[in-house]
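Sharing a structure, written as C-alpha cells. Questions coming.
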Amino acid sequence: MEPLALEINGVSSGYGRVQVLWDVSFTVNQGSVIVLLGANGAGKTTLLKVIVGLVKAWSGEVKAFGEDIGRLNTARRVRNGIAYMSEQGIFPGLSVRENLALGAGRASKAEVRERLSLVYDMFPELVERGKSLAGSLSGGQRKMVGISKCLMAKPKLLILDEPSSGLSPKFVAEVVEQLHTLRSFGITMVIAEQNVSFLETADSACVLEGGRINFSGGVDEFEGDEALHAAFFGLEGIQEV
Amino acid sequence: MADEILRLEGISKHFGGLHALQEVSFSVVGGEALGLVGPNGSGKTTLINVVCGLYTPNSGSIYLEGTKLGKMNPHRLARAGINRTFQVPQPFGSLTVRENIEIALSHRSGEGMSLDDILDFVNLGKWAGQEAGSLNAAQQKRLDLGRALALNPKVLFVDELGAGLNPVELAEVAVMLRSLLSGGRALVVVEHLMGFLDKLVDRVIVLNAGREIFHGALRSALDDDEVKRVFLGTVGA
Amino acid sequence: MLFEYSIIAGILLGLFYALMAMGLNLVFGVQRIINLAHGDMVMLGGFGAWELYYGYHLNPVLAIVVMVPITVVVGYGLYYLLIPRLKSAVDFETLSLVLFFGVSQVVEALSALGFGNNERSLPVTSIPSQPVHLFGQFYPADWWVAAGVALPLLGIFFLYLYRTRLGRETRAVMADEHEAVSVGIDAGRVSAISFGVGLALAAAAGVLAVFVFGGVDPSEGVSITITAFAIIVFGSLGNPLGTVVGSILFGVAYQLAQVYTPSWSNLVPYILVIGTMLLRPQGLFGRRTRVA
Amino acid sequence: MLESRSVEKPAAGVFRRKTLLLDLLAVAVPVVGFAFGINIFANELLLVYMMVYVALAHGINISYGFTGYLPFGYFGFFGAGAYGATLAILDLHVPALIGMLFGGVAGVLFGLLLLPLFRLRGAYFAIATLAAGEAIADIVANPSLQSVTNGPYGENLASVYSSGQIYVAALVFMALALLAVVLVKNSRFGLALRAIKESEYSAAMAGVNVVRMRSLAWVIAAAIAGVGGAIFGWATTVFYPSAVFDSAISVFAIVFALFGGTGSVWGPTLGTVLLYGLYSAVGLSSPQYFQLIYGLAIVVLVLFAPRGLVGFGRAAGRMISLRRAGANG
C-alpha cells in the first residue's frame, strides 16, 4: 500500500507560552486534496507552519510519505518535496522571474528552464510580467506567482495558506480553477481556507475551531449550510454547555 | 434609556494606502455589551488601538460620557476610564502578578475593586506572588483583564478573551464578563466565537475591510447575506 | 570654482565611502545586526595592505584581490562562532550590538599589540601619484585611484547580488527570512556568506582608506563605523543602491563643509545620522512601513 | 510620590523588607569600604576614579537595566559635566564643591537635549547617542571655541585642587548614586520603569505616564554622568577634551555594569571593583592587554552569561537549592 502523503498525529503547538493547537490529528492520502476550514484565529496557519517546520510541534508527530519529518528543518522539508505558500506567498520586492527561480531551489539551469516553460504554459499571463516586481501585480496575479513558485519546486505535497486572501470573488473563482487543474495532475494538496468555494476542488475537509479539530471527513459528508454555519459561527459548539 | 458612555463618530484610519478603518461610528451605553465581529484584518484591533490612544485617527471624533476627547496619551485615556485587554496578552513578564495589578491600582483616582477583589475576580489569587511571565496564556489574558479593571474603566474593550478556551471555560468567562456590566460599565467585546458572543451581547457591529457592513442583533447578523458572504466566501452571494 | 571642486571631490570620495559602508548595510539587511566592528575590519584591511606591501612588495590594489577571499572565509567562520548562540536571546538587537562592540575592542587591542599604536602609511609611489588637473583644480591622484578601484568593486558586488543564484537567495533572506526558508533556502548559510562578503567589502575599502585618510591606525575603527552607519541610515537601511547614492551625497556634503567651514566639517556624519533618524528614520529611499 | 493617588497603598509587595535591607547593605558596604580603604590602599586617585566608575556603572544600570535604553554616548554627559564644572569654577568662580553640581546640571541639560532620541528603538538609540557624544566632543574641542572651552588645549583646575575634598566628594557622590538605584529599584517609580521596559503601551494602559517616567530615569542617569565627569576632571586637574570625551568611558561603564549584572544594586559595584581593579593592575602599564581582556569579557558575557555575575550567582544558587531539594526529597 502507498504510504500516506501526510499524517498528523496528536499535534499540539503554539508560540512562546501561548498554545494555539490542541491534539490535532488528520491524514491525507496521496493525490488527494484536503481543505482545512476555520474562522480566523482557529489555528489554520499555525498548523501549516508546523507541517513545514516554521513552528515547532510541542508534542505529536508529523509524517510525510511515511517518513517522520518532525526533526527536519524547513529547508530540508522543502527539498523533500513539500512546497509551501504562505499567506503573502511571494517576495514582493523581487521580480516575478526571480520569485520563480527561488522556488526552483537548487535545480540546474536546464531544469529551471524546463519547469519555467511548464509554469508559463499554465499561466501564460506571467510570461510578459517576468521582469516586473511581484509586488506590483494585481492580487490574482500575485497568487499565480505564489502558486507557480511552489510548482517550480516540483512538489509532491503542496501546502497553501489562504490562497483566497485579499482576492475579490472573481479572482477567487480563478484560483479555485487553477487548483482544480493542479489536482488533475495528481498533486497532493493541503489548503487552509475560510472560503468554502475551495471545497469544490477537495476530497476531504477538516474544520478547526479554537485550535481543535471538530469535524473531519469527506466533502460529501460535509454538505448543508447548517454544518458550515456552526463551524464558522460556532453557535452550536457552546450552546450545549 | 441608560447613559451613553462612549460614542465614535466617523472614525477613519489609514496606513499609507491601506484604509484600516473607514467612517466607523457607533455608541455604547452603560450596562451594555456590544459585540465587534469581522474577519482578520477587518479593523477590529485597529479600532481598539485608535480608541485607546495607540494610533491617532485620520478623521472622526470620540466622546467619553459626552465629552469630546482630543488627542490624548494612552495613559490619560486609561486614567479617564477607557481600557482594554490584548489579543496577544501583554503582561509585565518579570513582575509578579500582584505587581502587575498594583501598577495600575496606583493610578486610579476613585473608588473601585481592591487588589484582593481583583485577584479573586480573575481567579489569580493563588499565583499572586509568581512572575507573570510564568503564567499560561489563559491566565495571562485574565491578568490583562485584572490590570484593566484596576483602573475601574467606564468602557472596557475585550479583545478575544475566548480564543483557545474550551467550551466550559468559555461559558465561565461569559458569566464573568456579564458581571462587569453592573454599575453602568460598558463592554465592547471582540470575538470570533459567535456562540460566546451570543451569551454576552445583544447587539453586534460587523466590520469588513475597515467598514461597518452590519449593525444590529446578533441573530439577524447570522442570517445577513453580506455577513455570510464575508465569512463563508461565495456561499449565498 | 570651489563649489565645482567640492562636487567632483565629493563624488570621487563618495564612491570610496560607498565601498566602505556597503558591507555594513549588507550585514544589517540580512541579519538585522549592526556590526560595530565594521570600522575595525576596514582598519585591518589597511594593515593587511601595509604588511603585504612591505613584506611581499605587493601592490596595494593587488592586495585587495588577495584579501577578499580570505576575509570571506574568516567572516563565514566568525558568523557561525558568534551568531547562532545569540539568535535565541530575547533582546537580540541590543545584545548583538554589545557583542560586536566587544569584538571591536578585541580587534583594536590585537591590532595595537600586533602593529603598534602609530599611524602607518603607504608610499604614494605604490600607486599612480600624478595629481589630476580638471576644470582648473588639482585633485590628489589617490582619490582617483580610490574611486577607480571602488567603482568596479561595487559593480562586481551588484552583479553578485542581482545576477547570481547566491545573490538572489541573499536578497530573498533580506526581504523576508521566513519566506526564504519556505522555499528551501538555508538561511544560516546565506547569512554566513553575506557576513563574509560584508567583511571583504570592508577590508577592500580599508586598503583604499590608507591613501584616502593618509594612513591607518588601530583606533580609527569607531569613527569609521559611525560614518558608515550614518551613510547607510541616510541611504535607507537594507537598500544597497541607497547606500551608493547616500555615500555620494555624503561625500559632497563633507567636501562642501571642508571647503566652507573646515573646522566644523567633522560634525557632518554625526549631524547626518541624528538628523536622519529623527526626521526621516526610513532614510532617503525607504518606504514608511506600518507599525502594527 | 510621583503621582497623586487616593488609593491606599497595598500593604505587601512594594517595599519588600528583606530585599530592601540587602539593597541598603549594597550601599553601606562600598561606602564604608571606600571610606576606610584609603587607609589601607594609598593610591588615592585610583580610588577616586574607581568610585566615579561605580557611580557611572550605576548610571548605566538605571538607563539600561531598568528602562532598556543603552546609551553608547554616555561619555558625552561625562565630558559635558567635566566642562560644565570647570567653566563654573574658572569663569563663574564658584567653589569647587558647588562646581560639581554645575557638572550635574551640564549633564542634565545635555540629556534633555537628547530626549527626542527616545523616539528610536534599541540599537538605533544606542548609536544615535554615540553620534551625539562624538558630536559634543568635536564641538567642545573645536579651535573656534577656544575663547570658551580653550578648544583642543584642555583645562587646568590646579588652582582649586584639594585631595581631601575630592575624596569626600567622590565618596558622597557614589553613595548618592547607589541610593538612587536603591530608590529606583524599590519604589513604584522603579516598578513603572520595569513595566515600561517590558511593554511600553501596556504600561500606558495601566496608567503609567511613560514619557515622564522614562525622562526622569534618563535625567538621573545624565546627572550621575555629569557629576562623575566633574569629579573626574577635578581629580585629574589638567585634562584635554579627548580625556573626558573618551568613548572608552562609556565602554568601561557599560562593561562594568553588564559584567556585574544590571537591574541589581550589587552587580555594577562588584563589576567595577573587580574589573577596574584588574585594569589598574594590568591596564595602566599595558592598556592593550586590558582592552583585549574586556573585549573578550564582553563577547563571553553576551554569549554565555547575558545577566552578568549577579545573574550567574542567582542561577547557581537556584541550582544548588534544587539539588538540595532533590537530595532531601
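Chains: A, B, C and D, in written order; residue numbering restarts at 1 for each.
Note that a residue touches a chain if its C-beta (ideal position, glycine included) is under 8 Å from a C-beta of that chain, and two chains touch if they have at least 3 such contacts.
Treat the numbers as computed from the prediction; the structure is a model and nothing was measured.
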- Third chains touching both subunit C and subunit B: A, D
- Note on the structure: Comparing B-D with A-C, the one with more C-beta contacts is B-D
- Item | Where subunit A and subunit C are represented by their mean Cα positions, the distance between them in whole Å | 42
- Query: Roughly how far is subunit A from subunit B, going centre to centre by Cα mean, in whole Å?
  - Reply: 32
- Note on the structure: Note: subunit D sits from subunit A at a C-alpha centroid distance in Å of 54
- Query: So which stretches of subunit B touch two or more other chains?
  - Reply: 54
- Query: Which positions of subunit A touch subunit C when the two form their complex?
  - Reply: 52, 54, 73-75, 78-79, 84-86, 88, 90-94, 98, 101-103, 105-106, 149, 153
- Hey, which residues of subunit D end up touching subunit C in the complex? 68, 70, 72, 116-117, 119-124, 126-128, 130-132, 134-135, 138-139, 142-144, 247, 251, 254, 258, 288-292, 294-299, 301-303, 306
- Can you list the subunit B residues touching subunit D in their complex? 52-54, 73-75, 78-79, 83-84, 86, 90-96, 98-100, 102-110, 115, 144, 147-148, 150-151
- Message: Can you tell me which positions in subunit D touch subunit B when the two form their complex?
- Response: 3-7, 10, 12-14, 188, 191-192, 194-195, 198-199, 201-211
- Message: List the residues on subunit C that touch subunit A in their complex, please.
- Response: 165, 168-169, 171-172, 175-176, 178-187
